[in-house]
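The same subunit A turns up in both complexes below, where it pairs with subunit B and then with subunit C.
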Partner chain A sequence: MKTTGKTTYQLPIGPIHPALKEPVMFEFEVDGERIVNVNIRLGHVHRGVEWTATQRNPIQVLYLAERICGICSYCHPMAFSLAVERAAGIEVPERADYLRVIHGELERICSHILWAGVAAHEIGFDSVLFLTWQMREKGVDLTEYLTGNRITKGITMIGGVRRDITPDMHPKIQEALQYYKENFKKLQQVFLDDKTFQMRCKECGVLTKEDALAFCAVGPTARASGVKKDVRLDQGYFAYSDFDFDYITPDIHTGEVHGDVYDRIVVRLLEIQQSIALIEQCLDQIPAGPIVSEPNIQKLLTKLKNTSGEGIGRMEAPRGEKVRAPTYNNILPWIPMLTNQQIADIPIVASSTDPCMSCTNRVTIVKNQGTSFLDKEELHRMSIQKTRRLCP
Partner chain B sequence: MTKSLSKSFKKALWVYHMNSGSCNGCDIEILAVLCPRYDLERFGIRLVGSPRHADVLLITGPVTRQMEGKVQRVYKQIPDPKVVISVGNCGNTGDVFFESYNLVGPVDQVIPVDVYIIGCPPRPENIINGVAKAWMKLETLEVKT
Partner chain C sequence: MTQKQRLNPEELIQSIKDMFTTNIQDARIEKRTMGKKKTEFYHLWIRLDKTIFKEAVRHLQSLDPALHFAVSSGYDLDDTIELVYSFSLYHGVRHQEISVNLTVALPKSDPTIETITDLIPGSLISEQEKQEMLGIMVKNIPKNTRVFIADDFPKGVYPWRRDETGPKKLIRNLHKEKI
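Showing the complex of A and B:
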């Protein structure tokens, strides 16, 4: 513990703590109520997914990737299959691209609503947690109707998707979208106009645009700080290039960018609206055709076995960009966000990036029988190296 | 099963939820069970913040090497009589992660498990079923002690 003249206290939180849904450990250095420094220990959820993936064939890896994280269970396998398709040169049918967009946006709606509930819970507003989770059930029901599962969807296949959306399924989708449109006003009222939320979230956990860029924040966290970054627009994968949509930054709603927790709520709520519009556009424009390029799995596997190459799949997951899980990038911005904040603000600030430890803990160094952890300096050094690698 | 469940419960069931390296799939289903659609709280079942207050340990995830000691410690902190429910396939068998180098699980290799709930993730109905089983076991345990 470093002290500069004045004595500070160390406040460890985690890895098991009622405020944390997942095992992660924080070491806060506090001066009274003010946080001076933060150290984060990761690695409690490391399951060695990469190594396990090397033991399986590409189609088995789809199901492994799905279980990296239960909330973005669509983005991980999809990003993996994008990478495989690029490496093996597999053409994806147009209809499948549209179906992939529908599932992706549906997951975004569910994930953002889930996050809204958790955020409300973190500031002690449990009735809103129940309200939002009740709304989420509608999306989960629709997911189950379209894919057969509530959480892990099992819809991904290399070169397409596994289930079609037939015209007789459209009314049910429309009905769910209508439900969300009607309830959107309610959400907006609760989250954006409510005094409690404004008092807790405004000017809290500020991440400036400069810091967001320096710490490589991604997804809604970056956009809430005014960084126009969205893989859906920047790379135009699947059928996203066919649609009309734009970057969501908080100034659309409030007129200016603060980069605080409130702005992150604004971005996520507006993204729910955007996702609804995208699914509607998708249903209108969806072309006819096959839904998978090679329906015979044996043939597909033989083809994949005989190919070698490299591919990269990038996707805009609800929390940010995949495959290098978004939380990893958004953990570093915690440091400027939390510094100089009060202890009571820790939960809402930390959860305002929508962290997911099971996505993140794939990068930690694991030594047999011993734990090795990355402290702030180490994480920062790795992050700088990564930026240099990506943009030499 | 409905026959063996007594009509009125002697006391409310307090649950401590612990994540030992799960993917969040089971965890959000557990929360969904407690939320308005399934509303398990109406039976007095609620999540508590400390293992020392709990009757039931709800554990998700295959136990990772870093979590092994912590799982055992939490188990010891729960007062007797207690019941352990392992939620989800990866706590039961290892599921897709079974051959990973960083697992010490399944859960029953680390602490004794009373009820296994299958599914990846289990449906909310299945979780409710598992909790009811745990309740029966707890009542029989209480008679013994």
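Showing the complex of A and C:
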């Protein structure tokens, strides 16, 4: 920490810091414990994905895009796919649109629960972190059952999806949804009714509706400030226009909008309920038919190669509108959220937008007081065993 | 924020054509339907001269004060750099949103464009990104620094360019090199 004047100090936090789960650099100007100003620097995990994509064919880009981020690994390739389909005039079968909704909402459930655990951790409740992440396992297991993969799902295909969900698979989905319904009350009690959560999160990290609009905030961050913006409803891509649901803003639960961290928790928790209902509607109404417009990959590639046009793919990822990563638009809103807050509140305010700079995975096992690393072969063997347990 | 009377896609295109009579190069409506109910939605694609770009954004904002800027994308097309600014109007009412994409071609001899951060502060990062990735100049940008690429990345190299200023000379095939 170094002095820059009589009353304020510069406090750098990041890009790697114990209080942050993502590599981002905050340069705070603080007056005692109060934040006066903040400068944000990005790019510490910039991998040149855009350039790499220009060296691949469109189907290869799907697999590249789902590696941008491990939490919304479905939304990235799907937004790309939507753009390609619109540029090339590819019609997606109705059944595929319904399947796309199921996978999208399942990803939202997993992402929001993961975020809830991180939020609990940031304010010191690690037991709640483990409770929520245990709940998330059910969703990840279901993802593996439906797609064959837990994180990078490999389910997206230009013109549809790669795997069907047959009627004999519905009971497993319904069982997982029932599990979440039964446990939702528990989440609500911990995150919304608990006094300590309320004391830490209410009136903390406020983003006004005016600032949310000015800084182009998206997703739960925008909705928690009272901005009714949700691409699923605004434009109704996939089959969303067939379903009965509405914008979720915090006043549904609290009667008013404050735009604070607590309101962001309210929106995400209610959206878990909404996602459960959407998957149920999907299962009830899903039409029969093909799941992809052109199953022959070579024919599809030839068509794409001979097509020119421009298209844009917009979808509502768990963190918000995706035509680029939603965090991209939720960076600047950090400035009004953090200004005038206490240093101690930096972690929960920063994480309240569910930021994602990128995702990397490493596994370490502590065994017999020593540390051993799982190699690729061992992880592969374990994943095959787990899949066989889920899909005997 | 109050909104004026909502225009439909045809009226919206017409209002822009009426306002800027000569500098609109192309304007088209992409209409799509989704789901079993065949709900319609619209993307407008408007190609315009950069001299009227900022006024066009101001016009969109006058139609909807809650105008949302999603992102700007950019491409190197040999002699020009093309920028596509993606906006959306009328969000908040189910199925009423209209996407508007404004395309502006910048000649490489003068790759400059006006900032829109004074109208939409949230466009800053997107403008910074286009500067560092495509080598364009955004006039009056309030924060003229790099945002994604590192400070020690060579000056005059732009990762999204396909010409001599592109990243080719920086690319190494690591499998061919002794590390």
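Convention: the second predicted complex is superposed on the first by the 352 of 392 C-alpha atoms of A that agree within 3 Å, B and C clash if a C-alpha of one lies under 4 Å from a C-alpha of the other, contacts with A are read in each partner's own complex, and residues count from 1 in each chain.
Rule of thumb we're sticking to: a residue touches a chain if its C-beta (ideal position, glycine included) is under 8 Å from a C-beta of that chain, and two chains touch if they have at least 3 such contacts.
Just so it is clear, the model here is predicted, and its values are computed rather than measured.
By the touch criterion defined above, A:51 reaches both subunit B and subunit C. By the document's definition of touching, of the two partners only subunit B reaches A:134; subunit C does not.
Of the two partner chains, subunit C is the only one touched by A:214; subunit B is not.
In the superposition on chain A, contact of A:43 is made with both subunit B and subunit C.
Of the two partner chains placed by superposition, A:93 touches none, neither subunit B nor subunit C. Applying the stated contact rule after C-alpha superposition, one finds that A:290 touches neither subunit B nor subunit C. Contact with subunit B, but none with subunit C, is seen for A:67 once the two complexes are overlaid on the shared chain. Within the superposed three-chain model, A:239 lies in touch with subunit C and out of touch with subunit B [touch as defined at top]. Under the contact criterion defined above, the residues of subunit A that touch both subunit B in one complex and subunit C in the other are 43, 46, 48, 51.
Remark: subunit C residues 1, 30, 32, 34-37, 39, 41, 43, 45, 66, 68-71, 84, 86, 88, 91-97, 99, 101, 120-126, 133, 146-150, 159-160, 167 touch subunit A in the complex. For subunit A in complex with subunit C, the residues that touch the partner chain are 41-43, 46, 48, 50-51, 86, 94, 97, 213-217, 227-229, 231, 233-242, 246-247, 285, 287, 310, 312, 314, 321, 323-324, 328-329, 331-333. For subunit A in complex with subunit B, the touching residues are 15-16, 18, 21-23, 43-49, 51-52, 55, 63-64, 67-71, 73, 114, 129-130, 133-134, 136-137, 140, 150-152, 356, 358, 366, 368-369, 371.
Those residues of subunit B that touch subunit A in the complex are listed here as 18-29, 31-32, 35-37, 48-50, 61-62, 64-67, 70, 74, 90, 95-97, 99-103, 120-121, 123.
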